[in-house]
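In what follows, a single structure is set out as structure tokens and then discussed.
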């Protein structure tokens, strides 16, 4: 069986070492927080100026001055700190975050990331912090379904969508398999409801058996 | 000079036609709503707006855009579910857009405030947003040259000011305020409270008074406007 | 990872022969005296020291220099009335010196911590300190290209830390500490007090814990050294 | 009569507009603070990380964590703020200070400043913050005796000492005259114990009568 979004989030959370400094991208990556083990010591960064972000805020704990990068109300954990946008992105771009987790339209076997634009001619470009996250963290984990709705693979020999960052993705977590990208190869570390050979047949990317 | 307390309308009178205006905030957190409303009332046009987003719904920045006052937007993320005002103007060719990665936006504002003429950033290398820009390999890594973004006026929101103009912020509403304050010739800060000089601990001040020219307490601004109209 | 409390000697064991060590302080304010003493005891050599000055009198940095552990000093102001140790080594050709204008020194450290590959600065244009460096005219003003200064280890002094490694400083002892903490692979902070997580107000933290690896309380360090020796 | 150092400091203080943000260089310029009018609202910056610096600290008010750029103990005035070195020099280099006051070995009629090195072959170079101050403030005032001990003028057609900054000095306060430099000319605004013609005869710089 392929994984649900929740199961993918759980698997990503499992692979985050205790005590890591992590940035969770907008959307699906946000769910990873739900599966971090209590006491893991993982500290969340949000690029709008905070380390030590806590769970989403509800009802009377909602504070309009305390949001995550998706502009959703969040909370503050003990040991948190606030800083301005230039300091926050300096932290990211200076390579201080251990892991950043993002969604993607496409990832290439070389680790190129495309997740901000489908290149549609009438699209209004909007990038936010994606390009900074892509090149800033020590490791970039991508979470995505492996195949688009039309069945086309999203792990590709070379991205056809406009890039977010070059050679920046280290792992790809999908609903049917997990890949570690290194030295241009995609190593399959786990499969879910699909065999390695089936996977190899459906992807144009050379795969390495773990 | 010590910052001067003013009504919102008096404060934004610093903005002239054709100016570049830096507008703080990330979503509603740190957004100087009353200053933007005053800017609409003030009437300056042909503006370049530098802000993280390009307006939401029909109020604030979106209303400024809808009023036809903005020639160009420099931002990281114009496209949102409720950015219909910007979307319409952009598709109609009535507004220019420069999309800047959020970290480059923050760093370019800092550079303007810090006297840096340009800097090499790793963000955007190999992407469409670096096309046509100078690149350079330094110690084996590729970088793009980016330039400062100075403003004529910054409109920001802080939490507490003292009468000298020192500012502290609140939680993630801090965001772009401190860098924008350094990057503009005139900085107007909308604050929730103004205290006497000496009441803020010198160790915790985030924006020193040297960067702040005008202070606006929204409540009092409304009262003053009513008195004079 | 949460910062670890250690003895000064254990903490400076992060320094290896040939390393670049960033040493905080401006005069004695912010100087991590106990960490420098521990570094002398530790014995690592062939070091490059980045600090505002090059040692005073016969203690601290001067003692490290006198012990022959330093290959090169990068600083803004080596020559002082009591910098005889450095002066002697320099005149004897036993130590390299790179003099950097103080603002360029601070900005180059910041650049190293912020992932900036290089930046154009107005400081030093037309002076001997810009000779041989790339210059560029931007908007009619001349700038010099300067590069980041990353460190292997930073030795800084702060005032209070929490057990996570968040730091606050005291008055002008803040100086180079915050930028050096961002610029080194390993940062060791000598502090006067360590409090529990949550005891520091998140709004006033100057150096977030992500930049701090090791904490040293000088008093306890001495006790521990006595116990183990 | 030529001016004493105290009188020079008094004249410089007189020319600082109320409410200015000012950096006083190490040494003689420090004395200017003694002549600032109470209530002038002048705010002093010290490049080691403070705005709102107060008078020198004495006896039991001495705090080793609170010094000026000359490493002398100072005090803190209400409304002061502290910041780190990169922020402090960003403030200076970004053109936010109104006036910086420095000593000099030589100033050229074009405003070039030489105040960090005499170029002696065996000198150990040391610059501190001088080059940043020279190019950072909106205006740079120089305080110096007009003639060196050997009688040579220090206001010169072109500096022979290594430069600190190019075309950065706007005013020169000396013991015998005050000069405003603009468009390559040195305009004499005041003389002390010397006539304009005597001054013109002793300097190689074309002077403009105010």
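Note that the chains take the letters A, B, C and D in the order they are written out, and that residue 1 is the start of every chain.
Just so we're on the same page, contacts are C-beta pairs under 8 Å (C-beta built on N, C-alpha and C of every residue); 3 or more make two chains touch, one makes a residue touch a chain.
None of the values given here were measured: they were computed from a predicted structure.
Novice: Between chain B and chain D, which partner chains are common?
Specialist: Touching chain B and chain D alike, sorted by label: C.
Novice: Centroid of chain C to centroid of chain D, CA atoms only: how many Å?
Specialist: 29
Novice: For chain B and chain C, what's the span in angstrom between their mean Cα positions?
Specialist: Those two chain centres are 34 Å apart.
Novice: Cα centroid separation between chain A and chain D, in whole Å?
Specialist: 54
Novice: Could you list which residues of chain C touch at least two other chains?
Specialist: Residues 107, 110, 114-116, 121-122, 169-171, 202-203 of chain C each touch two or more of the other chains.
Novice: By residue number and range, which residues of chain A touch two or more other chains?
Specialist: In chain A, the residues touching two or more other chains are 50, 76, 82-83, 89-90, 93, 135-136.
Novice: Sort out which chains touch which and give me every pair.
Specialist: A-B, A-C, B-C, B-D, C-D
Novice: Which residues of chain B touch chain D in their complex?
Specialist: Against chain D, the touching part of chain B is residues 1-2, 110, 112-116, 162, 164, 166, 182, 197-198, 202-203, 205, 208-211.
Novice: Note which residues of chain B are touching chain C in the complex, please.
Specialist: 107, 111, 114-122, 136, 138-139, 141, 143, 147, 168-171, 201-204
Novice: If we count contacts the way the header does, which residues on chain A are in touch with chain C in the complex?
Specialist: Chain A reaches chain C through residues 19-21, 41, 43, 45, 50-52, 76, 78-83, 89-91, 93-97, 135-136.
Novice: Please give the residue numbers of chain A that touch chain B in the complex, ascending.
Specialist: Touching chain B from chain A are residues 46-50, 63-67, 71, 76, 82-86, 88-90, 92-93, 112, 117, 122-132, 135-136, 162-166.
Novice: Looking at the complex, which residues from chain C come into contact with chain D?
Specialist: Counting only chain C, the residues touching chain D are 26-30, 76-80, 86-87, 90-91, 97, 99-107, 109-110, 121-129, 142, 169-179, 206.
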